[in-house]
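Below are structures written as structure tokens.
One chain, chain A, appears in both complexes that follow, with chain B as partner in the first and chain C in the second.
Up next, the complex of A and B:
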């Protein structure tokens, strides 16, 4: 029976609808203490004093810990995937409001919470910088010296660099953009901005550390258990096998739970007090953990007389906040595709990761790509309008197609960009007339497409274990946070070993048991780990055949595994272990030109089309239809894939229409679900979702990743539709009614009084 | 103040059909009370009664467990998501949520399941508007909303 392509429910559905699914949130250990975090109240300042006396004296408080206490345990208590720049608790300086400064431990979390309010800290305040473009000037320095982690060879030259907020700059030069601009018929330039927003998983960050003798077990809601093990072991100077990281299901991740988040803090606290320690953030505290990069993107295009794009230059400024997290990778990886899915011979890209005095920014469902697509697809639409050309036709004319080199120099393969564009145009009825509204209610349509290079080079290892009765286990460290990876892997194993996917036991990540995986991020799991899983299952199949031969069974016959084991071992005994690892090929970009002929093992493609109605009296935008399309190759589980596409699009709808962190003097003023508006059931427009017919020939059974593709086109499709409806252009997210009204009033020559 | 003058009170209530008794301090909420009975289906997430992850029924009415003091259930009847498969079979709502793929990470799902039962008890044939109205206090960050609407309709047909 074919397992791949089956529309089965996720393996864990019963546990989830009954409320019995295993989350870190549920776990309590004997003798466990609860930690609560005391946070910085100034955006930038030297720590003068931290007075913990009143907190320590509160009955029920077990211990109060500051950064200096941790420094005694771990001499260099700095962590991070790209830079070792983030202290476990603030040392010497604080760099954003909400930065952890001290932690209180108590047997009752309410006591710990109260004690936190009794701590007093004094700072010598320093000037702060919040804006990514302003941070390009070295007037206010967030860090005195850059501390690249050394994990990435191409960051080593940044070691010890001083006097800058630029954590990483990536430059790409293809052809000669300056010359092409000079020769172009028209040169068109715009600037677009995106806001600071965040993931907000409904299971807020939570981690527990259980200490042993020079050993730790960490239970955590985290997308990268293998990385956590390595990073915690590094901090303590231990071998990897002294740290065990266990991850059950995640109550949402979306990129917020990658790399080390709470794990270093609970680990240090647990080793200090030699008792299990749990820290669970509140919804409010998630605003001080990790966010999505605000950006400023200056984009310029040259067009020839035939309407072809001949040159494009991109300058992208990524507001990374106080600590680099994975921002430098976002800056470079998304930099590859900043010029969009168009065939342009002359391209220059400059992409800068900047430190500022805000909550750190990392990866959020798209690894920077949604910010880029917002800019290049708004820009592309504006060019078409200026040329008087249909926006879809303009795109078709300039589209990057398979076999052509992308800006980085990597040739496009199995990227169904044209098919996604066509699917959107057909579904929205692009060439058909529609009701354009009347009076104060005007309607319009917009379309946008985007693409993304996947994460490379990264490693995934899988183990498939066939038991003596023929039942099968799969061990992997990929984290199922709702995307359905466990189910897809079970289908792959089932396909290879001819067992029902539902019968494959998928073991939850536990680094003492499950092998290495770089991380559950960047839509890499299905392709990278999926390939390792397929190979491991094939290895098990080959070993079963060898065992049959060893047992003296005639070749060429398919014996049930149980019979093979029985014949070989004389009873129900033994196992067959299949293993495999997968690392895609990768060529790092040339340091001078930023070019490489192999930046990614596969391309992700997604887009959206929208029909909107704008109320010209209020600026309110009603989305009448939202069409999403993506290329996921041949889906392993079409039903789960469609919900990924839909869910990603709705999440991006929130980032498009309402979500924004508001900052006042460095202080976030809307850190709650009451004041930070995410999409609810009443905000969902009529939607259609299409997975275009495609195949990723190098992927497992023709499939590739999809988790982020649904985000790409949503924001610019809506802005383009608004432009189509009422002739105003919104260049900054989110597209609130206020923003639209202001633009309408400016267009009418009657700007609001405060403009 | 917490930690100083906490005086635990004894409360008696019915939990998923069973008479129970415990002592609990007056500042603790219903989610914390349920955790003492190893019931983790009601989850505190936003802590403001906005997301619905902590939805439970008290005397047949849906409440946000994060905003409902534990001591208030004294003498009352509490029903949690764990009640619905108490006899080993899933409810029509749970079955429909599975068939429609109406969740991803599953963290908010018990709240939606509770609210769907409440809706179908009060309105056996809800329109899409009715469904949207009823779930205005339940949020899903994975945004399985279209599938949730479909699941509730399917459950209504099966009920």
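Up next, the complex of A and C:
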């Protein structure tokens, strides 16, 4: 039976709904202490003193630890994937409200929590900077020294600019944009902004470290176990194999759990007290861990008389918060595609990762691309309207198609951009008349498409183990956090070895057992690890055949594995181990032009079409229909793929309509689910989800990643639909009812008061 | 959380005796849905909670009196009120409000007494019951007193209850043909707390509004009766012009506050619009008989 293309439920769902699945939150070790974090209350300041006495004296408190205590254990206690800029606990300075400053350990988490409230810290406050554009000026420096990490192949060039807040700047120059603007029939320019928001998985961050003699085992809810092992080993100066990282199922991640989050802290605490230490964040504490980049995007396009885009310039400012995390990669990778999926000869892109005094920003489902699509698809729609051209026709005319070089110079291949656009137009009925509403309720439609370069060059290693009765194990360090990767990999193994996917045992990440993987992020797993898994299964198949020959079985016959083993070893014994690794080719962009003819092994394509109804008296927007479409190549599991599409769209819907972290003097004023609103079930519009017919020829069985594609088009599709309905343009997320009403009132010449 | 004492008296009188008029760290607890959140957030650290679950069952009853008044025991859950046949038949605005109040998990646990005593101006029951003319019966060491619900609230999260007084009953008079409606405006998600609540009730005589009660909540410091607006409506036909004037009057009368839901200027616009919509909805009385 074919395993690839089967619509099977995810392998772990039964364990999850019956409560049998393991989560780090449930784990308790003998002798374990609970840690609670004391956090900074000022956005930027030098630490003058930390008074821990009252906390230490509280009965039940085992130990109170500050950054200086950690410095005695680890002389350079800084970590991070791009820069080693983040101290395990604040040293010398604090750089955002909520930054960990001290930790209390106690046998009872409630005692630890109470003790945290008894700690007093004093700071000499420094001026702070919150806005990404303001941070371009070196008036307030968040970091005095920059420490490039040099860990990842694609970030080896990182320097950081001394005396600035710029962690990375990426520049792309293709053709001659200035000349083309001068010659263009029309030049149109806009600025768009996005807000700070966050992932909020149902399972907040949690990690446990269990110490040994110069060894540690870390149990953690993390998307990058291999990286955690390497980074923790580096901090302690140990070989990799002294750190064991075990990751059970995750209750969601969305990019919030990539690289080191709580792991360095629990590791340092456990080594200090020589007891297992657990830290589990509350929902509210997640607001101080990692967020999505706010952005300002200035975009300018030149159009010729025929309505062709001849030039586009993009300046994107990424508000990275106090620590770089993976922001530099977001800045560069998304920089490649900032000009959108259009065939434009003259492109100039400037993309800046900036430090500010906010909670750090990192990867969040889409890796910067949703912020870009918000700007370039709102902008593209506005151009079409200004030219008086149908927005879909305008896109079709300028669309980037297979075989044409994208802005970076990499030729587009297997990117079904036109097909996605067509699918959206057909499903929403773009060319058909519809009810435009009347009176105070007006309806409109909008469409938006986007694309994304995958992450490269990154490595995945897989091991397939056939045991003596023919049953199969797969070892890999991809983390299944609900996206269905275990199931897809089992289907790939099953396809190669001719066993049912349900019969493949997929082993949870454990760095003592499962081999290296760069990380579960950026929709890379199905393509990168999927390829390694396919190759490892093929290796096992070849080795089984060799074993059959060794056992004296005639060539070309189809003996079941169990018989081969029995024949070879005289009983049910032995294993066959297939292994493979996969790392795609990559050419780093030229430092001068930002160009490369190979920036990505595959392109992700997604889009959305929306029909909305606007209440012109209140600005309230009701989404009547949301159509999502994406190119995921040939889906390994169409059912799971469609839920990835709808899940991503719903997540982006929250970032579009309601989610926003509000800041007042550096303090987050709505750090709770009561005042930071994610969509509830009552906010989910009627949705249709389509996977267009496509094939990724270089992918495993024609497939490629999809976890983020559903986010791309949602925000601009809705803004475009609002414009279509009532003629006003929202340029800043989220699209609140108040923002819409204010825009309507401005248009009517009766603006609302500010207050 | 610091350890505290939890007592479970078996009578109302006993419960009152366990409260302390001077000590804010001692409080009654009904469903606990509001109190637990305050404790979790660290804004309330009790020394003693007086749990009302075991007091006499009559304080959980919902019953119709001979005069057609509905008596709702303070310990009735919000779901019990939501599913009560008399509420469905006689007080459609209340039923409708309950169905959109939070979610079934909260409604199954939260009690009417808690919903009235908490004093958060964003809550739904205080405005709708105020517009319906409800009274609350309050018991303390010195005996019983009865207050119109609108007089219960003295400020933001503040009521006129003494620390050793308990609400025992909410009494809702018969509508007697009065029209009523409550409109809740949520902005950030469908199940959000309201940014604005507008509750109305009035009689319609010969095409004119009589004895209107207009209540605004959520956007104001406390649940507020809008007496000037009521004067504008008194005796007027509910046409576009009247409703526009009522909207203007409400905006002039209410002290609207800015918060995380939106600016005051925006909420004033909402009030203008929802003043009209609430009256219109009350007029469409037949349409508002909600199915259970």
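Operating definition for what follows: the second predicted complex is superposed on the first by the 744 of 755 C-alpha atoms of A that agree within 3 Å, B and C clash if a C-alpha of one lies under 4 Å from a C-alpha of the other, contacts with A are read in each partner's own complex, and residues count from 1 in each chain.
Basically, a residue touches a chain if its C-beta (ideal position, glycine included) is under 8 Å from a C-beta of that chain, and two chains touch if they have at least 3 such contacts.
In this text the structure is predicted, and so the values were computed from the model without any measurement.
Enquirer: Quick check on the superposed pair: does A:137 touch chain B, chain C, both, or neither? Answer first, second, both or neither.
Expert: neither
Enquirer: Go through the superposed model and pick first if A:742 touches only chain B, second if only chain C, both, or neither.
Expert: In the superposed model, A:742 contacts chain C only, not chain B.
Enquirer: Could you look at A:114 and tell me whether it touches chain B, chain C, both or neither (first, second, both, neither)?
Expert: In the superposed model, A:114 contacts both chain B and chain C.
Enquirer: A:202 in the overlay: touching chain B, chain C, both, or neither? Say first, second, both or neither.
Expert: In the superposed model, A:202 contacts chain B only, not chain C.
Enquirer: Using the touch definition from the top, say if A:753 reaches chain B (first), chain C (second), both or neither.
Expert: The second partner, chain C, only.
Enquirer: Just chain B (first), just chain C (second), both, or neither: which does A:2 touch?
Expert: Touch partners of A:2: none, neither chain B nor chain C.
Enquirer: Decide which partner touches more residues of chain A, taking chain B and chain C as the two options.
Expert: B
Enquirer: Mind working out whether A:679 is in touch with chain B, chain C, both or neither, as first, second, both or neither?
Expert: So A:679 meets both chain B and chain C here.
Enquirer: Mind working out whether A:252 is in touch with chain B, chain C, both or neither, as first, second, both or neither?
Expert: So A:252 only meets chain B here.
Enquirer: Residues of chain A that sit at the chain B interface in one complex and at the chain C interface in the other, please.
Expert: After superposing on chain A, chain A residues 110, 113-114, 672, 674, 678-682 contact both chain B and chain C.
Enquirer: Within the complex, which stretch of chain A touches chain B?
Expert: Per the touch definition, chain A meets chain B at residues 9-10, 12-21, 23, 25-26, 28, 58-60, 108, 110-111, 113-114, 199-204, 249-254, 282-284, 481-484, 639-640, 643-644, 646-647, 650-651, 672-674, 678-682, 684, 687.
Enquirer: Which residues, counting only chain B, touch chain A once they are in their complex?
Expert: Where chain B meets chain A, its residues are 1-4, 27-28, 35, 39-43, 45-48, 50-51, 53, 80-82, 84-85, 90, 94, 97-99, 101, 103-110, 113, 131-132, 135-136, 138-149.
Enquirer: Contact residues on chain A for chain C in the complex?
Expert: 110, 113-114, 117, 617-618, 620, 657-658, 662, 669-670, 672, 674-675, 677-683, 736-738, 741-742, 752-755
Enquirer: So in the complex, the part of chain C that touches chain A is made up of which residues?
Expert: 1-2, 37, 41-42, 185, 187-193, 258, 260, 262-266, 269-270, 273
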